[in-house]
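Below you'll find the structures, each written out as C-alpha cells.
Look at the two complexes coming up: chain A is in both, with chain B in one and chain C in the other.
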Partner chain A sequence: MITHVESPILEIHDLTVSYDQSPVLWNVDLSLPAGKLIGILGPNGAGKSTLIKAVMGLVPVTGGYVKIFDRELNDVRSRISYVPQRESVDWNFPASVLDVVMMGTYGKLGLFRRPGKKEKQIAMDCLDKVGMQSFVDRQISELSGGQQQRVFIARALAQEADLYLMDEPFAGVDMATETAIFQLLQEMTAAGKTVIVVHHDIHSAMNYFDWIIMLNLHLVASGPKTEVVTEDLLRKTYGGKLNLLTKVSDIIRQKDFNPLKS
Partner chain B sequence: MTGDAISHAVLPGIVIGFFVSGSQRGLEVIIGAGLLGILATLIINWLKNKAKVQLDASIGITFTLLFAIGIILINMLAYKVDLDQECVLYGEIAYLPIDLWITNAGFSMGPRIMYLAVLNLVLVIGFIILLYKELTLTSFDENFGLVIGLPAGAINLALMSMVSYTTVSSFEAVGAILVVALLVVPPATAFLWTKKLTSLIKLTCALGIFISIAGYYMAYLVDSSIAGMMVAVGGVIFLGSALYKSIKPNSLFGTSTPSKPLEI
Partner chain C sequence: MSDFVYFFTFQDASIAYVVIGITLLGIGSAYVGTYSFLDKKALLGDAISHAVLPGICLGFMLAGEKNPLYIVTGAFLSGALATFLTSWLKSKTRLSDDAIIASILSIFFGFGIVLLTVIQKSGNPEMAGLNQFIFGNAIAILEEDLYIYGGLAILIIITLSVLRKEFSMLVFNADFGTSIGYPMGAIRMIFNVLMILAVVIGIQAIGVVLMAALLIAPGAAARFWTDKLSKLLLIAGAFSAVSGILGTYVSFVIPQMPTGPWVVVFLSLFAFASFLFAPKKGVLSRFIARKYYLKKTHQDHLLKAIFHGLEKGQSTFPIEEIYESFPYKKKETKQTIDDLVKSDLLINNQGLINFSAKGKSEAKRIVRLHRLWELYLNEYMNIAPDHVHDSAEKLEHILTPELEALLENRLNYPKLDPHQETIPRDNDEL
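== the complex of A and B ==
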C-alpha cells in the first residue's frame, strides 16, 4: 500500500542501492508530504539507514533518483538537516557540547568564516530545546549515550532546516527524554517543518507519527498511519518472526483503543 | 599513524627528486617527496574506502611498499653516492650548523633548513587559523561535513598534504624517527591531560618545544645522539603521564567533570 502525494517535499523514484553487488534496497518508489512527522519502520537490516543515507548522498545509488523540494540534493543542502547514528563518530574527540552544536551552523556560514555571537546564540537555543543547556561546556567524552543523542539532535536543530532526517535518534534514550523529544518534533511539524525518523519501537511509532513508511529491502508501505498500520502489512514488513507477530497483533488490538484515532 | 606512513613512503620521491636535481638539497627533492606523501595518502584512502581494507592494514601495506620501492631505487641507482637509508631514517640534527645557506655574494644566512622550518611553521599556522572550524568538523564527523556541503574530501586532502609537507621538510633535518616521534608523542601525551581542543593544541606545542630543548641539552650533557635523546625524553614524559593517569584517573587539568552526580 503506497500512497503518493501531489507536490511532495521528498520524492524517491525507483531507488536501488547495493553494497558490494548485493542490493540492500530494491526499487523504492515513494513521495512524502510536507509538514508531517514521518516514521521509517522495519526489521534490522531492512535498509532503513541506507534509505536515509541515500537521500543525503552518503552512499552511492545504483539506480533511480531522489528529489528534495523538487530539486537536486546539492541545490538544497542548506534546507536539509541530518542526525547520523550516534555510533558513527568517535565521542572521545576533544570538543565541548557547544562546539558540536555550533557545527550545525557551519553549513550556512560557509568556508573560512568563523562562528560568532549569532551562531552561539542559535546553538544555545537549540541546547535549551533538548534540555541540555546546563551541559554547554561539558566535553562530549563525558556524556551518557542519551545525552550524546540529544547533542546530535541539537546540532541538527541548529541547521535551521526545513527537512530533518534522523537516523535512530531514540537509540539509548530513556522514555522521559523520548517523550520530550517527540513533543519537540511535533511542535516542529506543526510549524511546517518535515521530520523523517528511523525508528524501532512500533508502540511509540503508533502514538507519534502521522505518516509511516514500512521497509524490508522492498518498500512495503508508505502512507498515513491510520491506513498503513494493518496486520497484513506489519506481517509483510517483519516477516514470519512468530515472537514479533504476537507482538504485532497486540499492537493491532491496542490500535483500536488508540486515543489519537478518535 | 599517517605521519609515520608518510615519512617512510616519501623515500622514493626523495630518490627520484635526487636524480632529477642531482643534489640532495634541491627543491626537486622536496617536491618529489611531497608528491609521494600525497600519493601515499590517496592510496591509503582508496584502499580503505574502495577496496574495504582495514585502516591499519592499508597504512601498513602502503608505506612498506613505497619504502621498499625507495630502497630498491637507492640500491639500483645511487649506491655510490651519499644517500643511504641511515641518513634518511635517522637524520642528524648536529650537522645543521654546517649546512648553511650562503648567498651568491658569499654572505652566510644561517642554517638552510631553518628557513624551510620557518616557512613550514607559517604555512601550518595559517592553515589552522583559516580552516579551524572545517578541520574540527571533518575530523569529528566527516559525513556531517559532506551533508552540510563542506568539501570534506578536499579539506582532508589538504590536511594530509600539510602533514606530508611538514614531515618532508623536517625529516631532512631530524630524520624520520624523530619526525614521527614529534608528530605522535606530544599530542598523545597532551590528550591524557586535557579533552579540550584549544588547550590540547597549546599543550602539544609546549610539550614539543620542551621535549626538543630538554632532549638537546641532555644529549649535550651525556654526549650522545640528539635525536635519540629527544625521542627518549618524549617517551619518558608520555609513560610518566600514562602511569600517573592510570593511578589517579580523575585528576583534573582542563576537563570539566563535576563532583556532583550527573543530571539526566
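== the complex of A and C ==
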C-alpha cells in the first residue's frame, strides 16, 4: 500500500542503506506531499532514524537517490531542518540554551561570521514559540528531557526552513510537552511547512499524523492515515522481523565485500 | 631571592623571550586541549605528542643540526601521519579506539627512541640539544625559536577564535553541522592540524612525553569552575600560562632541571586544588553541603520528636528526655538544641524545652510534609501504609512549598494520613 504523489516535496528512489555491510534499509521507494504532518512508524531497529539520516546525507547510501523540492540535497539545504535524537549529543557541553538555539541561524549566517543582534532576536522569538523564553541563559546541562527537546525544536524553528525532519521529538517527553510540541507542529503544517517525524507510539500516531510511513527494514506502507492504518499493514510492520530478510543480511555481513554496492 | 627578582623583572632579554614563548604556548595548547577534552578525545593528544619524536629525529638527521624549522616540520609530519593512521585504522578495521591509539603511540615512540639512539651513536656534537625534546628545556628557547614557536601559537589562538562557533558545533553536534551544509570533515581536519601544531610548539619547552598534560589538564581543571565555554577557555589558558612560567622559573633557578616535569607539577597542583576547592563541583563544597544537610535533618527530626510528644498530650519536655530519644548522639543533640534555640524555634527554660510559636509552625510543616507524602504514596502509587514511612522520612526535608501546595491540591486538603494520624495545619488547635 504505497501511495505516490504528483510533484512531491520529497522523493526517495530505491534507497538502500547498509551499516558495516549489512543492509538496514532495503529499496525504499516513496514520494511525499507538501504541507502535511508525516509520521514514520516501525518497531525498534526498523531503520526509521536511518531513513531520515540518509535523506540528510548523514549516512552513506548503498544505492538509490533522494530528491528534495525536485533538487539535489546540497542545493536546498537552507530550506531543510534536521532535528537529531536528543540522546545523540552530550548535554554536559558548556553551552547556554541561547547558544544552542542560535545554532539554527548558522546555516544562513555562513562560515566564519559571528552571530549578532539579528540572530539573537530570531533565537529569542523561537524560544518564545516553544515556551522556553525564561530559560535563555540556563546551562543546557540543567534542563529536563522535555526542555532539552524543546530547545532542539526551537533551534529547528530558527532555521526558518520549509521541510522539517525530526528524529523522535516525543521521546522521553512528558504529556504536557508532547501536546504542546504537537500543537506547534500542526501550526507549522497549517502555515504550509512539511514536517516529517520519526515516532514510536502507534496509538498517539493515529491522532497526530495526516500521512503515515510504515517501515520494517523495507517500506511496508506510505499514504494518507485513513488508507494506511489497517490491521493487515500493522501486522506486517510490527509482526516481528522478517526472517528471510534478516538471514540474507547475515550472509552479506559474512562476505568480504558488499554485493549491493553499485 | 635575587634569582626571583632577576627572573621576573626580565632584565635579561632572553628570559623575556622564554616567558613570552611559554605563555603563548600555554594558552594555545590549553585552548586546543579544552576542545579535545570536551570532545572526549584526550587520548589522541597523548598519542600525537609521543608520535612526533621520530619526526624530530629525522628532521635533525636531515639538517645535521638543531635547526628549528627542520625539527618543527619533521614533528608536524610525523604527528600528522599518526593522526591519519588513527582514523584510517578506525575506518578500515574493527579495532577499538583505545587499542588503535595505544598501538600508534607506542610504535611511533619506540621508533623515535631507536632513531635517537642512532643519532647518539653517530657522535654528532649537536646531539646534546636533542635530548631536551624528551622532557623539555624552556630556558634553551632562543630568539629565532620564539618566532617559530610563538608564531605558531598565535596562529592556533587566532584560528580557534575565528572558528569558535564551528568548533563548538563540531564537538556538540557535528551531525547538525553537516545537515546545514557546513564542511564538518574539513573543520575536523583543521582541528586535528591545530592539535598537532599545539604539540609541536611544546616540544622544545615541555618535551614530547609530557605535552599531553599541557593539552588536557588545564581544560579538565577549569571544568570544575564554570559551565560557560568562554570562561572555561580563559581559566584553562590562565592555569596553563601560569604553570608554564612557574615551571620555567624552577628550571632557571636549579641547573640541569628539565622544564616539562615542573610545568606538569604546577598544573597538577591547579587541577588538584580545583578538584578539592572549586565551588559547587569541588569535593570540599560538596562535603560542606552534605554536612549542612545532615545537620538540617537532625534539627527536623528533633522538632518532630517534640511535636509527637505534644500530640500524645505531653506538655513539658525535660532536656534529658530529649537526649534519650536520640541514643548515642547526646553531643550532637545538645548542639542541635542550642542551634534551634538560637534561631528562635525552641525555648530552653532551665532545662525544660518547649516550642516557640515559630518553632511549632515549623514542626507542623515537617510533620505535614511527611504525612502528605505518605498519603500520596498510598493513594497514587498504591504502596501499602506500612511501606511508606522510610520514603517520607527522607523527602520531608526537601519538598518545596510549591510541591506542598501541589500535594495538598491533588489530595484535596486531607485530614488524615494512611496511619489515621492527623495531618497538622497551622490553624488547628494543637
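In this text, the second predicted complex is superposed on the first by the 239 of 262 C-alpha atoms of A that agree within 3 Å, B and C clash if a C-alpha of one lies under 4 Å from a C-alpha of the other, contacts with A are read in each partner's own complex, and residues count from 1 in each chain.
We take it that contacts are C-beta pairs under 8 Å (C-beta built on N, C-alpha and C of every residue); 3 or more make two chains touch, one makes a residue touch a chain.
Everything numeric here is computed off the predicted structure, so don't read it as measured data.
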| item | value |
| --- | --- |
| Clash-or-fit label for the pair chain B, chain C on chain A | clash |
| Partner chain(s) touched by A:Trp26 [first = chain B, second = chain C, both, neither] | neither |
| First (chain B), second (chain C), both or neither touched by A:Ser144 | first |
| Chain B versus chain C as contact partner of A:Ser134, first or second or both or neither | first |
| Touched partner set for A:Thr177, first chain B, second chain C, both or neither | first |
| First, second, both or neither for A:Arg114, with chain B first and chain C second | both |
| Which partner, chain B or chain C, touches more chain A residues | B |
| Which of chain B and chain C A:Ser78 touches, first, second, both or neither | both |
| Chain A residues contacted in one complex by chain B, in the other by chain C | 56-58, 74, 77-78, 80, 82, 84, 88-90, 93-96, 99-100, 103, 106-107, 111-112, 114-115, 139, 141, 155, 159 |
| For the chain C and chain A complex, residues of the former touching the latter | 38, 40, 162-166, 168-169, 171-173, 175-182, 223, 226-229, 232 |
| Contact footprint of chain A on chain B as seen in their complex | 52, 130-134, 136-137, 139-141, 143-144, 146-151, 191, 194-197, 200, 255-257, 262-264 |
| Complex contact set, residues of chain A against chain C | 53, 56-58, 74, 77-78, 80-82, 84, 88-90, 93-96, 99-100, 103, 106-107, 111-112, 114-115, 139, 141, 155, 159 |
| Of all residues in chain A, those that touch chain B in their complex | 20, 56-58, 74, 77-78, 80, 82, 84, 88-90, 92-96, 99-100, 103-104, 106-107, 109, 111-112, 114-115, 134, 137-139, 141-142, 144, 146, 155, 159, 174, 176-177 |
